[in-house]
Amino acid sequence: MTSLFKNFRFPDRRALVICALLAGLAAIPSLVGGRYIPAVFTSILLFFILGALFDFMLGYLRIVNFGIAGFLCAGAYGSALSVQYFHITPWTGLLVGGLASAVIGLITGVLTLRLRGIYIGLTTLFVMETLRFAISNAREVTRGASGLTVGGFTPLFGMPFPRSEPITYYYIILALVIVTYAVLYAIVRSRIGLVFKAIRDDELGTSVLGIHVVRYKLFNFVVASFFVGVFGAFYAHYIGILVPTAEEFGIQRTVEILTIAYVGGRGTLWGSLLGALFLVGMQEVLRDLQEWRLVIYGLSLILIITVFPSGFAGALRQLGERFSSRAGKGAHISTKGDA
Amino acid sequence: MLLQVRELKVGYASGADVLRGVDLSVGASSVTGLIGANGAGKSTLLKTICGFLRRRGGAIAFDAADIGKLQPSQLAAHGIAYLMEGHSVFPGLTVEENLILGTWAFRKERARAKQAVERAFELSSVLRAKRKVKAGLLSGGQQRILEMERLTLNDPRLVILDEPSLGLSPKLVHEVFERIAQMKADGAGVLVVDQSARHVCAASDHLYVLRLGEICIEGPAASFSDRIDELVRNFI
Amino acid sequence: ADVIKIGVVGPFTGPSAKIGQDIQNGTKMALDDARAAGELPLTIDGKKADIQLVWIDDESSPEKAVKAYRNAVSREGIQMLLNGWHGSVGLALIDLAASDGIISYGNLAAPEDISEKINAGKYTNWFKGWPAPKTMSGLYVEAAEDLIAKGKWTPPTRKAAVVVEDSDWGRTWGEAIVTGLKAKGWDVVAQDVARNNELEFNALLTRYKASGVSLTAFTLNAPASAAAFVKQFHSAGLKGLLFADGLGWASNWHELTGDAANFALSMDSPRVITPEEKEWTARFEKTFGMPPVPAAGGHAYDYTRALIKGMSVAGTLDTTKLSAALLATEHKGIWQYYAFARQPGDAAISAYEVKAGPFMKGFSFPMVQYYGDKAPVVWPFEFAEAEFKAPN
Amino acid sequence: MTALLTVDHVNKSFQGVRTLTDVTFDLEPGRILGLIGPNGAGKTTMFNVISGIYSADSGRVLLDGRDITNRSPARIAGYGVGRTFQVARTFNDMTVAENLRVALVNAGLSGREERQRIAAMLDRVGLTGVRDLMVSALPDGQKKLLEAARAMMTSPRLLILDEPFGGVSAEVIDLLISIIRGLVREGVGCLVISHDIVSLPRLCEEVLVLVEGKVMTRGAISEIRNDARIVDAYLGA
Amino acid sequence: MFTADVLIQLTIDGVSRGAMYGLMGAGLALIFGILGIINMAHGELFMLGAYAMYFAAMVLGVPAPIALLISTALMFCVGVAMERGLIAPLRARLGSRWLVDGYVLTIGIMVVLQNLALIVFGPREFGIAAFWPGRQEFGDVVISNERVLILAGALFTTGALALFLKKTNLGRAIRATAEHPAAAQVLGINIERIYAITFGIGAALAGAIGSLLLSTYPAYPTVGGEVLLKAFVVVIIGGLGSVWGAMLAGPLLGLIEAYATAFAPGGWQNTITSLLVLAVLVLRPQGLFSRQVTRP
């Protein structure tokens, strides 16, 4: 597959903008300090990257992965349990969590290969539920609904990561997000990404060109599962308690992620950053309003999607297009852009 | 004139017009042909007449009334039938159900609707054999036949056809053009777009040639019949 | 005057919002009452100080709880935590609170894990407001045996079935009651776990019926679930006794079950028995327009009053001193008698856990029997308001 | 010389209705065979069987003597069968150039070679002017052209085209014919379904006539025009 | 232990709970099939129906059958209003590409309705003991009158819906709109109206079930989440967008649940139920009851 990456040119404009944004993100919590802002930004980054991973499947292959929280769960428990029983470090746990999730992704993928995008995604809903119920029942191992307490990250190169200092965790997730994003970005900008888009457009039309559609789908799915698992592992060591409830690892969490991906904009990866900033941020800003907060949250979802039907990213792009067409550039229609 | 199009301007992207001021008219009891190369804007013109696209300028009149703001769903009530480009059967409905829906505009007159459907089955042996089959499973040409039959059920006054012969065997192409002649004989106005310039020319009373969004040649079809090859070579 | 900011934890929105709102209302009511009684403002370090509440909405999710907690600590500057409901949220907060040096008082999170953590010796700041489930659910078995011994009920078989909800509470409750039943020679033919908020129990009940069960016990947190179970138990025509733990958390249980609840027994909440309780309940309903769930609103009220009392005794916010004062302060609340254990075994499985004990001598619930729209106490016999009625 | 494509006693039915009955024919490399027949005769079904979209009930399909019956469409394409569809299946959310790029994914070319190949193909089919246009904005005729170009991009040894002339204007038909002829000269075998009995003879001399799922005859177009059965079933009076 | 009686009892239980899943699913499938969105607010329509029923029957004292009609009609209007007011504008803006974005819109509606209900009605459960207390006994097999009522209601509604879609002009038009909106328009079908009516029917179905089930599923703000998940499952098993599929998959899911609950070892019922559903999906990937209608 190496040749598949051939057409990839790295420092293009978009990538630079993203880097700048991330650098800015790195700065804010350190400048503001305290424990609250870093905690909120940790959430923002977590939901951003989960949104981007969701979009990696949705925007490129039309797989609406309703089971994404299940992969998060696999990663979280995968890491937490191996730290507990095999005494690996949480850092290795990140990898183990990723692999645990990737294996489940692989099995799910192989089982659902023949399905169309939306079915794969919906099937994962049951993978998620099966996993959640199984964890809940295997109490001897997982402590089930009583909750598994998980230790924090161990010191690395002499740097401690006390959970009481969220900023340290913020830096961990920032690093993870940058790596993950770079990988996703490289993939979607390469030939593989092109094939993804072709499959999204017309599966049969792609396969008669000699392209093994299923392999690409599987690749996409397993890569996404792996990273979701990594962040699940991060989540486990960050939050310190795992419970297999729907709010944590079930449909509710999936809906949160899905919303961020859609509000950000499909097929853009980076759109989720805007989605997470806005939606997570708004929840915090409106905290004092109590139950009205969620009403406003819901209303703004309705509003956003009515005003910017293709998400924040779509709106920005349209703005950009209007700008460039006013500048006299090509006036033809682009119904859809890419990364 | 049944249909009159004046100075019509239409486009998709902002700033770029696909039709750049088209004039065209269709009379009752006559066949009007429209030919042109791929991308000339033929389908765009028909889509605009039928309300699927909004014009940027000009006028469309049907029976001397402005129909520029027509919704596609009002076509049938006006007595306009439209064969869309591409396939337009309802794939999951049976052939029969597809035909029944062709009578939607007069669905309240049950007897008439029923009769119209039965007549269609009498006319077409292909459809009769596939009566209870889902339309999506028909072959490409069979779907075209179904579309043609469905279209004529409510005795339209204006028939707009986008490539009716597409995918039909020569024999059936022949039948389609006979059908067009029949509609004309029944008093309808027909506007037909087709790649088969020869057939269009032979069937039409009046011919338009569209080129890059403008009508470049127009005239009684008879005046072209001997130089159709030349026409095609030069303008299409 | 200074203000002391106290963060009140609870599921104020989301699936357990009823509980959350009761906690909120109970806490507010306690503050008003304390003010009326002159207990507020407090005198802290010689200065007058009033209490201001900051709501920490956990939305039933530890992740949300952590953000809300961080917000409350960093932005609002809370100095203490009060109340709380979910075990998982309690577990997520206990470490954070410990490292921030913040005292959490009266959190109702029940898990044994919390008790164990405290026993491990690190958490002198966590005042656990609900005894571990096993301390509580064992009493059901005791009650059943008592009834049998007194000849008030003769079970046709010694077969029992237990259904619990899928939470820490449910699981540990179930384990405790099953152990208790087995110890008394019962044959526990079924031990099932229902989804949270499950409303369909007919299939389970069919199985129980076929295996000739004469004692069925459940704990279901959601009122709708508990009511559905009770009704389906009734219409399936099962014989024998029903322990309906959780039905008491539905303030309007009779509206939901009608007479299908007849004969069922609960020992899940404080009951409106004493005049103070009656007065309190009436006042709550008048103020907030809905009947309280004493297990949430009542306890939240009591713990708030107890905290105020402890703070005024301590006269300081210094964590060590305040913690010691709170541990020393005993409080006769409206609903319970509250005292925290100094060491495990002391009527609690860990230190800093509220001590279980008989009515108004510790944290305990009487057993009530539903009949018509009444639920009089039937056990312990010394507090019985009505005679136990054996189901047919 | 062995045949490039051999279709050997292929049968296919849908819900009990026979669509292909004992279809047998072969095609040598460097030859073009037209496939004609009434609507619903089973031409497209035949293509779908060859390219692995439908599985045959019985019978075999051989490519260069290798049995490819019922392999997956991607495998069959990998063996060197390129195809188009009756209704073009272009990637409408991509640009014209990207459509062609997808076809080169398996070729393992460098970025530069790839760009050259795409440019050459665009030039050959006359789509250079719209190379960066979204395909959804192309008129139907050009979509068919693009689809054919895309199929040719995979360098197939057997090219099967379903109604390549349907809805395509005269000029483009001429272009298509010359491109296909060029490929065939290089040794590619080609199977073409078309109802266009004006253009078809300009592409090939020989046709296979399929009627009601059976091969009726195979022969030169000029002979077929005089076959009464075919006139009756297909050509019309 | 598992005598014929037990099996009959379990079957009755499975079918009767499944009938309700099926109807919820049918509404969801109808909306998905025709409008192309998965209506994440479907559970909230159920919830509103339940509140409407409660207030009509218990507060206003309207007799139950009439209250049922009132709440159904009301929910039809709510559905139409929702479609016109919120969904149609989005569709108008996005044209044919709007479908996928419907999620966020309906999630927004879901969040708003859920929390408005919390604010307006409070968190408590509004429920009733039974519309029709008592039970029927056939030997050891018992079925509560409530269940008889629900089963009858579900059967009737299923039949009526099936006939409506299959045999009436409007029903055919609804199906046609799903398959080719532009062609439907050309034949004179006002698809905007069809969309609104379809959504209305879906909402009315959800509302009717919410009303009918009030005695088991009391009205409270988050009750919708429970039902949505079941409806979702049913729609998937039945084949996305297939109304018939959903109506058959409902009882199937009910049976799976009932039998799994009865036979699986304690605690593992949920795991086994979701594994079975997974198996169904893997074995019949297009959903159990959908048939192919397009071809290359």
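So that you can tell them apart, the chains are marked A, B, C, D and E in the order they are listed, and the count of residues begins at 1 in each.
By our rule, a residue touches a chain if its C-beta (ideal position, glycine included) is under 8 Å from a C-beta of that chain, and two chains touch if they have at least 3 such contacts.
Note that the structure is a prediction, hence the values are computed from the model and not measured.
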Quick one: how many steps at least from subunit A to subunit C, stepping chain to touching chain?
-> 1
Where subunit A and subunit B overlap in contact partners, by chain label | D, E
Computed distance of Cα centres, subunit E from subunit A, in Å | 31
Distance from subunit D to subunit C - Cα centre to Cα centre, in angstrom | 74
Rounded Å distance, subunit C centre to subunit E centre (Cα mean) | 36
Between the Cα centroids of subunit D and subunit E the separation in whole angstrom comes to 47
Multi-chain contacts in subunit D: which residues touch at least two other chains?
-> 44, 53, 85, 89, 137
Among all residues of subunit B, those touching at least two other chains are 12-13, 137
Touching two or more other chains - residue numbers and ranges from subunit C | 13-15, 17, 166, 193
Within their complex, state which residues of subunit D touch subunit A.
-> 51, 53, 72-75, 77-78, 82-83, 85, 89-94, 98, 101-103, 105-106, 108-111, 114, 132-134, 136-137, 150-151, 153-154
Listed in rising order, subunit E residues that touch subunit B in their complex are 169, 172-173, 175-176, 178-180, 182-191, 291, 293-295
Residue numbers on subunit E that touch subunit A, as the complex places them = 40, 86, 89-90, 93-94, 97-98, 100-101, 103-105, 107-116, 118-119, 225, 229, 232-233, 236, 240, 267-268, 270-271, 274-275, 277-278, 281-282, 285-287, 296
Within the complex, which stretch of subunit A touches subunit C?
-> 34-37, 39-40, 43, 136-137, 139, 143-147, 149, 162-164, 166, 235, 239-241, 243, 245-248, 252, 284, 287, 290-291, 293-294
Touching subunit D in the complex: which residues of subunit A?
-> 3-4, 6-7, 191, 194-195, 197-198, 200-202, 204-213, 330, 332-336
